[in-house]
Amino acid sequence: MKRWIAILAVIAIAAVLPLLLSPTGYWIRVLTFTLLFAAMAQVWNIIGGLANQTSLGHAAFFGIGAYTSTILVLKFGISPWIGMFAGGFLGGIAALIIAVPTMRLQGHYFALATLAFGEVMRVIANVWTSLTGGPVGLSVPFVPPSIAAYSFKQLLPHAYIALIALIIVTVIFEAIRRSAMGYRLRAIKENPAAAEVIGIDTTKVKLQTAVISGVLMAMLGTLYAQVAVFFDPDTVFSAASISIRVALIAILGGVGTAIGPILGALFIIPVEELMNDLFSSGAAGLSQLIFGVILIAVILWRPRGFITVFDSLMARFSNKARS
Amino acid sequence: MSFLQAIIDGLLVGGVYAVISIGLTLVYGVMGIVNFAQAEFLMIGMFVSWFAWAYLGLDPVVAAPLSFAVAFGIGWLVQGQLIARVLKAPSVAQIFLTVGLLIVIENGSLLLFGSQFRSVTTSYQTMSLSLGALFISVPYLIAFGMSLACGLALWWFMRTSWFGRAMRATAQNPMAAQLMGIDTALMYKIAFALGVGLTAFGGAVILPYVTVFPGVGGQFVVLMFTVVVLGGLGSVAGAVVGGLAVGVIQALSSLFFPIQLQNLILFIVFIFVLAVRPQGLVGASR
Amino acid sequence: MSASQPLLEIKGLNAGYGEIEVLHGIDLQMFEGEFVCIIGANTAGKSTILRAISRLVPHVTGTLRFAGNDLSSRASHDIPTLGIAHVPEGRHVFSDMMVEENLMLGAFTARHAKDLSSRMEGIFELFPRLRERRGQLAGTLSGGEQQMVAVGRALMLQPKLLLLDEPSHGLAPKVVEEMHDAFTKIHSRGTSILLVEQNVGLALDVATRGYVLESGRIALQGTSAELNENPAVRAAYLGI
Amino acid sequence: KPVNIGVIMPLSGANAQFGINSRNGIELVADEINAAGGIKALGGAKINLIVADATSTPTTAGTVAQRLITQNEVTAILGAFASSLTIAISEVTERRDIPLLTMSFADQITGRGFKNIFQIVAKASALGKAQLDYTLAIAQASGAKIDKIAIMYEDTAYGTAQAAGLRAAAKAANIDIAMDDAYPLGITDTTPLINKLRASGAQAVFPVSYLNDSLLLIRTMRQQRITIPAIGGAAGYVIPDFEKGLGEFAENVLSIAPANYDLAPDLTERFRKRFGYFMVHEALEHAVALDVLVQAIEKAKSAKAEDVTIALRGAKFTGGWTKAMTGGAVEFDSTGLNTLSVPVMAQWRNKELVTVWPKDVAKGTAVWKS
Amino acid sequence: MTILDVRGISRRFGGLQALSDVTFSVPKGQIVGLIGPNGAGKTTFFSTLVGLIRPDSGSIQLDGTSVVGQKPHKIAALGMTKTFQNVALFAESSVLDNVLTAGLLRHDVETARKEALICLDRVGLKSVAHKLAGNLSFPERARVELARALCTGPKVLLLDEVMAALNPVEMQEIMDLIRSLRDDGITLLVVEHHMRAIMTICDRILVLNFGRLLADGTPEQVANDPVVVEAYLGRSMEAHK
């Protein structure tokens, strides 16, 4: 019961926060991207945290989503809302296609094969100029603001859409985690052979999660495209700034937990911005350097993620209560 | 003829891919972590060798041992001071520690050395041997020779020496290795330092034909991963086979497809090889 | 070192994992050339005693001395250099190495010795099965074969003190017989042995003295004959 | 009250070198103006540069732009060298009506009908066209005839756009394109390209690439004893490191450039004095951009973005750093493109870049040899 | 009624014939012991039965259904599962979750949890239900293996040395458990090197040697078979009689 109250309180704060920020300003943009990256990391968490398949290729699905909805608007004037589902569908298919050859791969083999898949998608987007505009990238057309056209003059609605998306994917994550599927995924993660022998269809479960994760990631790609307005293959299919970053966010926060990715994003995105703000006018590379140092420090401090700060606080709290 | 030329070219660059990747596979093989910062040590190796060339007048290939030594020292510190602290943490924490390291090294060298693109001029930079209608680039050939020698030496060392044996034992079961009297912490340090040292060595060797700047690692990092995974993670022989295979696949693909698709073809082949042999070309099948 | 000084001396040993303490004030002594066994129920902490000697337990307090050396200041990789070999519970073979290489590693701290191949020959005589499988990767061996590797590996060191944690685990009865004969032989050549064995009857058969461990405390100690006659021991551990 | 001007450049990552060059150019001009008493029309207000790192990601560039606009209230933004970054910034500046001055030359920049963007140099397609046309003219002037060429370019926005210009010009001039290959950015081995080049039988090759590939290409060509001239497409061919890397092999290499420092040595020498290397074109163009911007502020007598935008559009800017541009002045058309700028052909001569074409601005005679 | 029928199972590993032509059948409700020297192929045989290893030839019928070539999870659903000799628990999960996960084969999460607690109780591990499986001692883990396999609700249960490293008293508890499982209608195949346990609980014993079935009979027949004594038992039988 207490839990629920806490959760509702957090959501309420999150819902009010955007209103306090200037609707055309900088911080609301940062907040929007923070929420978006939290959602992306949460989706990654389904496969990376529950199934322990460290995917480093989620940019592939993300980019598919961004491109699908944007191309549909540009070429056919179809609303990004519909494009989002079209992108999700294609993202799911892509997840299936990559899941089949990588199914048997374990651990780092899987990670690096998916990394390659992300790169494959990037090259395709770069080469298929007639469809994607090639290396030059695509701009989301500016249409008169309306909810139906997913177009707003200000960033505020985008922030709310990102918040809702985050809540939805978090609920999905938590539902999977607690369900039979969650237990099966943990079993597969720790010992696939034993999992099979006690009756878990490892292939099926892996495919299911891969597809769920692919669909959701692609749908978030649409949200991103609508906020960022312009993107090119290097942006949305980027290993460093999408694939590895979402994994990093989830891991820094606490992989396999529902709160982890949110904590991770709340930390990484604003800190990165802050470093850029504070140090990037100085010597070139300084802001990134400091960011890297902070990253290392945090991992050394909490190798199992920020979430463990709560765990130890809780432990101290309950110890006090007991004594 | 162009086919033969492509094979030769592919093997030559492949040998170099092999040596820069051997270090990565060694680090993985012993510590079980994928070192994302590995390519940064390539950059360090290139810088060391560049400075040796610019200020001491050394040929980059001659300076390669110096690059090795510097990277070895840095690797020793990094492993002992940073990575050792998270050895008990989940392996993702270790991996992402190396991501942090990547950012720090790249931007640190941007601060330290500036953003200029630096390259060396050597007496042989435009030399080549001709064999009938075939060309064999001299800088590539030198790099290839150094790489292969280095790879073979390491392979032999790991196979036959007590040291190599101890290193492999540590990789497979650190607890039991300690019971055998092996100082596993030391092994990790040496493995990491040796691994990044070798990559730096490779960096020096390719300097005669590659430009160095702080971001140069980014051009090689995915290639290095492809090489070690294709060959079989953790296998030194695998890195050699993987490197040669990647070189040849790239060279051959450019005969039949636009060069723009070079990496696409490479990655598709890569994913398919893994689908058939999940443990890589040379990895043990278990 | 005078003869009256124990080879291994454990005093007031507390040990545990994380917050859980498993051993509470263990006192145990062994003289050179002794063959001692520790018996006790599951989770009593038998393995933990051996692991504490090998410095593999994170939290240890108390005195641990071996042949005049204070073990508590040593790292675990130093232990074999003192002449202690440990066959751990659960085998822990190097799975991606050949049987031969596994055995060789047992003599890692004695790697400069000249007689390694004759030592290995001795292991093969004890476990002929291993000779047949010498080129196989240890990870693909059967359970019992792996146990043979684990025991053989420890014997390669020709230790002063041999710590055996359930060495007969998963071995066929005939092999167990042969192995215990071999332990007796090794013991008779002067090696001291500390044995943890669930097959209590067998343990008391081969060892000269024993300790009974109950929930992390020494409940009883005595010669094998005494323990064998003790009705409590018979009821609790021999099921008679 | 000082006038805040945003400078967004890639200061880390692969393009850091160019971002830093650009920033150097801008700082030079800002310091000069401030030293000379600031902006007169605003009572000697000083220029306050707000520099930010765009990293290499367009999204970051956009966020940074948003920050400079709302947090620092900048009058205008200069940036961001790479076209993709500039486009991402322009999406923000356009919505907030802040002028953006750039030297990125992708055709899209002024091709989208944006009202607040100003492009200081000719478009990429024009650059590509000039690369070919000038070459033909130079060859002809020395009695050589070209009817078969090879194009190779990195598959980035810059490479692709410029190659398109080359291609169109070749078609118009009825020249056979024997090879037309894109290659991935960050290629580590160019041997396959050169193998293809050798087989193509082209009489001149037009590589469009950054430095690393440029050096690789030229060296591999020499190794394979290919002696046809290479005419570079700016970027990697017109920076000091090119010559440092190749040494004697750089001599007489031609390259197109949007501008060159020898057109106004009195100005650009100040750069060399301060930073120790010749004023590379991106530094020069960004310097011009800032000068033009300040002129517009003077003219508008206001540091308000809307006023500055109006002042920028339509007027012709002369004097100051605009002298360093071909055309000797800057004038933006309705799309924001500087209509006066034409590219130049530069040639490496003894560690310096000498403008050798068009004839009216040339400082030396083109040498046609490989 | 025959529940398990094995015909002509063979399997090679490189140059080693790990199983050759193993044939026998088991009626429902028997406890069958499987013994043999180390490396005789017992574990390999179990792995073949549950589908982890594909036999080179031969047929396996479980309750009338052919299971050769089926995936292990299918075979588990059909009612046959095994424990792992080298212990293959989900080490980072709690003991309860280990067992619960197996219960999901036939139940939803809540029912599976109840079932799991019952199974843990039966193996005497209820008190450690919330410990991480990886922190248990080796023999405890073997018992979690047993509880987990049990929780899949099997018709045929293959136990690979679950009594290893137990002292005689503890062993007795497991033996009682195995008998009670038989009384519940489960058919059991038991691999164990403890002769006393095998001889007491098994209705019938199969002896495997070099991958071949060497003997098949009652405990008395097997114990007195000179070939078996020679290959496997050694002198030890006297000690255990």
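First chain written, first letter: the chains are A, B, C, D and E, and each begins at residue 1.
Quick note on the criterion: a contact is a pair of C-beta atoms (placed from the backbone, for glycine too) under 8 Å apart; a residue touches a chain by one contact, two chains touch by 3 or more.
Please read these numbers as outputs of a predicted model, since none were measured by experiment.
K.L.:
So if I look at the partners of chain B and the partners of chain C, which chains show up in both lists?
P.N.:
Output, common partners of chain B and chain C: nil, no chain qualifies.
K.L.:
Identify the chains adjacent to both chain A and chain C in the sense defined at the top.
P.N.:
Touches both chain A and chain C: B, E.
K.L.:
When A-E is set beside B-D, which has more C-beta pairs in contact?
P.N.:
By the number of C-beta pairs in contact, the winner is B-D.
K.L.:
Which integer distance in Å separates the CA centroid of chain C from that of chain E?
P.N.:
Roughly 28 Å, centre to centre.
K.L.:
For chain A versus chain D, what separation do you get between their C-alpha means, in angstrom?
P.N.:
Inter-chain centre distance comes to 36 Å.
K.L.:
Would you kindly tell me how far, in whole Å, the mean C-alpha position of chain D lies from that of chain C?
P.N.:
Inter-chain centre distance comes to 75 Å.
K.L.:
Using mean CA coordinates as chain centres, what's the gap between chain B and chain E in Å?
P.N.:
One centre to the other, that is 47 Å.
K.L.:
Could you check chain B for residues that touch two or more other chains and list them?
P.N.:
106-107, 110, 115, 214, 258, 260, 263
K.L.:
Residue numbers in chain E touching 2 or more other chains?
P.N.:
Not one residue in chain E touches at least two other chains.
K.L.:
At least two other chains touched by the same residue of chain A: list those residues.
P.N.:
Chain A, residues with two or more chain partners: 123, 126-127, 284-285, 288.
K.L.:
Per the touch rule above, enumerate the chain pairs that touch, sorted by label.
P.N.:
Here the touching pairs of chains are A-B, A-D, A-E, B-C, B-D, C-E.
K.L.:
Which of the residues in chain B come into contact with chain C in the complex?
P.N.:
Listed in rising order, the residues are 162, 165-166, 168-169, 172-173, 175-184, 284, 286.
K.L.:
Under the touch definition given earlier, write down the residues of chain D that touch chain B in their complex.
P.N.:
12-14, 16-17, 19-20, 155, 181-184, 186-189, 191-193, 195-196, 199, 211-212, 215-216, 219-220, 222-225, 239, 241, 244-247, 249
K.L.:
Can you name the residues of chain E that touch chain A in the complex?
P.N.:
Residues of chain E touching chain A: 50-52, 71-74, 76-77, 81-82, 84, 88-93, 97, 100-102, 104-105, 108-109, 112, 148-149, 151-152.
K.L.:
Would you mind writing out the residues of chain E in touch with chain C in their complex?
P.N.:
Residues in contact with chain C: 13, 36-44, 85-87, 135, 137-140, 161, 164-172, 193, 195, 231-237, 239-240.
K.L.:
Can you tell me which positions in chain A touch chain D when the two form their complex?
P.N.:
Against chain D, the touching part of chain A is residues 22, 24-26, 29-30, 33, 123, 126-127, 129, 134-137, 139, 142, 153, 228-232, 234-235, 238, 241, 273, 276-277, 280-281, 284-285, 287-288.
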